[in-house]
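The structure's right below; bear with me while I get my questions together.
Labels run A, B, C and D following the written order; every chain starts at residue 1.
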Amino acid sequence: ASLGFGTPASDNEIAGWDIDIRPDGMGLPPGGGTAEQGEPLYEAKCAMCHGSFGEGAGRWPVLAGGEGSLTEERPEKTVGSYWPYASTLWDYIHRAMPYPQPQSLSDDEVYKITAYVLYLNDIIDYDFELSQASFAEVEMPNQDSFYVDDRPDVVNARCFEDCADPAAMTIVGTIGGLSPTGHFKEDSGVSASHYGDSAPEASTATKVSLSEVAVRGQGAYDQYCAACHGSGVAGAPKVGDQAAWSGRISQGLASLVEHAIQGYQGDAGYMPPKGGFTNLADDVVADAVSYMAESSQ
Amino acid sequence: VATAAAAGAVTPALASNKAPNLPEWTKTLGRGVVARPYGRPSDFTDLQRRTVPWLTASPESSISFSPLQDLKGIITPSGLHFERYHGGIPEVNPDEYQLMIHGLVERPLIFTLDDLMRMPSVTEIRFIECPANGGMEWKGAQMEALQFTHGMVSCSEWTGVRLSTLLAEVGVKAEGKWILAEGSDAAGMSRSIPIDKALDDALICYAQNGEPLRPEQGFPVRLMNPGWEGNTSVKWLRRLEVGDQPWYHREETSKYTDLMPDGRSRKFSFVQETNSVVTNPCPENPIQQKGFIEIEGLAWSGRGTIKAVDLSFDGGVTWQKAEVKGLALPKALTRFGFKTQWNGEPWLIQSRAIDETGYVQPTLAQLRGERGTNTIYHKNSIHTWNVHASGEVTNVQIT
Amino acid sequence: VATAAAAGAVTPALASNKAPNLPEWTKTLGRGVVARPYGRPSDFTDLQRRTVPWLTASPESSISFSPLQDLKGIITPSGLHFERYHGGIPEVNPDEYQLMIHGLVERPLIFTLDDLMRMPSVTEIRFIECPANGGMEWKGAQMEALQFTHGMVSCSEWTGVRLSTLLAEVGVKAEGKWILAEGSDAAGMSRSIPIDKALDDALICYAQNGEPLRPEQGFPVRLMNPGWEGNTSVKWLRRLEVGDQPWYHREETSKYTDLMPDGRSRKFSFVQETNSVVTNPCPENPIQQKGFIEIEGLAWSGRGTIKAVDLSFDGGVTWQKAEVKGLALPKALTRFGFKTQWNGEPWLIQSRAIDETGYVQPTLAQLRGERGTNTIYHKNSIHTWNVHASGEVTNVQIT
Amino acid sequence: ASLGFGTPASDNEIAGWDIDIRPDGMGLPPGGGTAEQGEPLYEAKCAMCHGSFGEGAGRWPVLAGGEGSLTEERPEKTVGSYWPYASTLWDYIHRAMPYPQPQSLSDDEVYKITAYVLYLNDIIDYDFELSQASFAEVEMPNQDSFYVDDRPDVVNARCFEDCADPAAMTIVGTIGGLSPTGHFKEDSGVSASHYGDSAPEASTATKVSLSEVAVRGQGAYDQYCAACHGSGVAGAPKVGDQAAWSGRISQGLASLVEHAIQGYQGDAGYMPPKGGFTNLADDVVADAVSYMAESSQ
């Protein structure tokens, strides 16, 4: 039944792209590592977003905790409380993390960091050597809680008369403040394609004396830089910390901007090019640097 | 009927372009052909996708919503298709594009875009819906606009080659029961697809609404699983691996599983069940005048064709049959209408869709009764708009 | 499977983005949601309308052609709909838009855009074709590309209110037999429409492919006469006058009448008769490889639904039945296909469409025999592509 | 059956928009005029495109001539040879001409110019007063040659075998040079959305020494200005005519450009703003002026 399209995929070509890992261990490469080895890697590459204990910085995902919460009012679904297989963690960290530098980790690094995230979830010990061979020993607490879709689970009737009791109906409206409505209210001053800038997450307090450029840079800072420079993880100079910034500012803005765009290895830590968000335009990064510098004087 | 402006005389500015005046645009030549070799909407319009930034930590892994309140018919213009990314939009060079199929197959192959486009093609109008559509409303009404309550669904004319045709090229081995579909985006988006779906109606798509896929929808090639949760229709598709069991990747364990009140979770909850919503009136389209009104809305089912839609004006106490308008295609948005009068009375307006399997769209109480409020996905319950005496429309829930 | 680049190490530029390498776009985040609130095609594509400047004296009264060679399915993306203007594109302000209906009516009325959009709506997928489509080829093959031989046809999902609904509002008097439709463009485009068409399927359209009409297609409101010569579907419509006889305006006397060999002319030759063309292969899509090929093409009829399409590979000596693919809707583009092998043999490939009335698309000799070569419009004869041994495709005529 | 939409159209509103004319005279306004009166108007407003004798300048439409040509190899369809009703001419000139200034003519002007075009076609005399009353007297030569569509006129059979004689088939290809093909030949250097720039109509010969701006302006000149300034009709200074241009050029380019954009009444004739093409951008007009001036030095 072959139409004759396509060219044979060589073993080498397949090997380069075949990155997936399965619960039965298929796909796991040689190598290995412990949580202990993973800790400094996690601190340097993950903690700025996911928190040193996997608790999640800001709105970035929480990776640990939540055991026993799945039947509660606000369940916390984490690697430990929810994920059925440890292979998923290896696969996902390897394919998609760190978020701005996917597929940048070596296999050993993935073993180590995976071990550390499992350790943060009390699933393995600090010195347990995670490897092809030992992977099968890892047991995930929630593994047996998944069942295959059994919908339709609800049967409604096509009733036409007296289908509900009007006296028993309670009409509940929306919770004010959360809803994006600006775009259909004239002159609301809300920009048309974005809403909720006033929503849950508060941004770093703005100094009154910021330049126009710095004001323009605040949005990018909040979005792309605050994960590290808001908390100071991984050696990042924290915004507002005048001591950490004065020496840097005295180098001149041009040099700061260059470092931010090109990345550099400093004494305190490593700054990845554009903080890893290499899709950002240079001038967006430059504006954000102005914001950070002016806010730290 | 004379406009006496002699050549050279200064014509005074018109009070307006309305009758009896001749409008300005009647009296001067407009732009000629190919002023825009690829056109765009009138500057007088501003339909757009919109997002809610606080929903996610980063716009590169986020969602935007189609402006259902402004759309007509069943085709979503490609520029307004809802967006969902987990690592932003990759800029794939079509000349370097490759689709690899390997695993439990006789002949692992790599297909170029040209290969795919030269194979037998199929074109179908189908919806794509994010299973999180409406998910912000499990615990209570949150969104004050139709675009945000239901805008994670869009409908396009998709063209591509049946996945079954490609699988015949590689020769699936008897043990091959699942297929891992993997994207080339920064998220390396991956989902396990049962072989039955792959051999049924799954498409490997390269065109949308007549032209190449938009980058937002997976240019140059995406998988399309009609009627299934949008996330399974992997975009920027680079690889299909045939295996004997599912992969249980992050997007089918951590996400896109449905937590039930007993703490257990549904997995592989693929199908998007029958859903519907009234698009006129809605919060963005309040009723502006008493008298005639055509209630309109959209219905869709991942299990097939919409057979009927009913309307209630009293919050579900009594129901009337609406009219299915225009094309009612399987797994496609389907428009319904109902002509009536509004005289200022308050309405609690609801729509209820029925598909070809006989499934009747459930009430919110039924869905919550079965699934609780922590299940995030697959909220397809009957929706209520509160039409006030002023004609204003707000989002409410009836409990 | 390891890319060992430690943070900070310089990754060497990849030789290519093909396997076994991971493509660049997999390793960096792409742009996030609403990077483009209204999207546009990938920068890697360049589908576009094209014109032939020497056809007309001025681009403000000219034509551009849809790139049929690149389109899939039956929907023409709105940005690629063919263009035809007689005085350029007016920039109509929708807030000042008015549609006046007067003449032999009980109640002359003016409708705003809002009025029209609040009336009962209808959505239909229909083609629009310029009756001059193919008209450059009456005397001989002239155009070396499908875009120019057949690109004056496009197909969209149109939404609007039936003209009959509007006529019921104004109350047409018994003597009312014709309607003058007039545009607000610089040409004041005007055509006389028989009342039967007006009461049958004519639409007053405000939306195309789900969104407001594009300026090129008459924003904010156009007339749409399904299946009829495109010129009658007056764009930027401002006025409808009901009368007891036709107006015989310039576009229905000097133009859009069909000169016959005896010196007499057909008038009111409204319907676009059954037509078809092979889109793969075609001059823009030569055959690049021996082996499997799916011949594809488009067929359409202004009289209704396409019932069958036949293919000839030998210039019309023998014929085989092709497959009608996907939706076959009345007065809509309809795609056909035929799966076969090409082994380097020269082909004279032709398609022949048959519509629901049983009308069989005629040969060029038949059409010329009846109408001569000076009739400009309505050239719907069977078209021939010459497929050379090299796979190259040229436009020929068989006489 | 009324839904209640729409607002009544007043007589005044209708009168402003009801501009159409019918063969039975419906719509013809009061007023009138002769070809004699129309001649100067036609020369000033129409001849630059349609030629002093209706013969058509360049590719602009021909308005007169072609009698008896309708059965010939290349029929010439004009007002005189083809149009069935004179009312069409009044209606069309009034609604759509002059091309760049539609609906700018007074009713009397339309009567006069219509009379003149009819006169150019030997349909009325030079001093015939065309008016509401006299319109019915005008007889168009080709009036009785139109008949209502009688298609389908051709019946093909759905034959499958031996449907044509292969021996009798002649295969005729395209006439080289006319066909736009550039866009699908790689590196053809043909701009993607325009073809045939090398086609039938030759443009004014370019002086070798033109400035960059002037070169840029040539396209707009050819398209929008050549109708008048190529031939010198209506008092337009002809491009290349150094005598006609030297005085003008000495005013300075800025003043030339201002006149071209704003329009002005000169000694030799009237220059309408942007030559009537008010949709043109100012800088396009300015470029064209540079081209004209540099080509006339």
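By our rule, a residue touches a chain if its C-beta (ideal position, glycine included) is under 8 Å from a C-beta of that chain, and two chains touch if they have at least 3 such contacts.
As the structure is a prediction and not an experimental result, all values here were calculated from the model.
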Both-way neighbours, i.e. chains that touch subunit B and touch subunit A: C
Inter-chain centre distance, subunit B versus subunit D - centres from mean C-alpha coordinates, in Å: 47
Computed distance of Cα centres, subunit C from subunit B, in Å: 26
Between subunit A and subunit D, centroid-to-centroid distance (C-alpha), Å: 64
Junction residues of subunit A - those touching two or more other chains: 3, 5, 9, 13-14, 17-19, 99, 102-103, 192-194, 279
Residues of subunit B whose C-beta touches two or more other chains: 19, 26-31, 34, 37, 48-51, 58-61, 64, 87-88, 100, 110, 118-120, 186, 188, 238, 292
Touch-based graph of the chains, sorted into line, ring, star, complete or other: other
Contact pairs between chains, per stated definition: A-B, A-C, B-C, B-D, C-D
Parts of subunit B lying in touch with subunit A, wherever the complex brings them together: 46, 48-54, 56-61, 64, 86-88, 100-102, 107-111, 115-116, 118-120, 140-145, 148, 165, 168-171, 180, 182, 186-188, 190, 238-239, 241, 243, 245, 247-250, 253-254, 257, 259, 261-271, 273, 283-284, 310, 312, 314-320, 348, 352, 354, 359-363, 366-367, 369-371, 374, 378, 384, 386, 394-399
Touch list for subunit B against partner subunit C, complex: 16-19, 23, 25-45, 47-51, 58-64, 70-81, 83-85, 87-96, 98, 100, 110, 114, 118-125, 157-159, 184-186, 188, 206-207, 209-216, 219-220, 236, 238, 288-289, 292-294, 296, 325-327, 335, 337, 339
Touch list for subunit B against partner subunit D, complex: 1-8, 19-22, 26-31, 34, 37, 291-292
Footprint of subunit C on subunit D - complex, ascending: 1-3, 5-9, 13-14, 17-24, 26, 49, 58-61, 70-71, 74-75, 77, 79, 82-85, 87-88, 91-92, 95-96, 99, 102-103, 145-166, 169-175, 178-181, 183-184, 192-197, 199-201, 223, 279
Subunit C partner contacts - residues on subunit A that touch it in the complex: 3-5, 9, 12-19, 27, 29, 31, 44-45, 99-104, 106-107, 192-194, 263, 265, 270, 272, 276-279
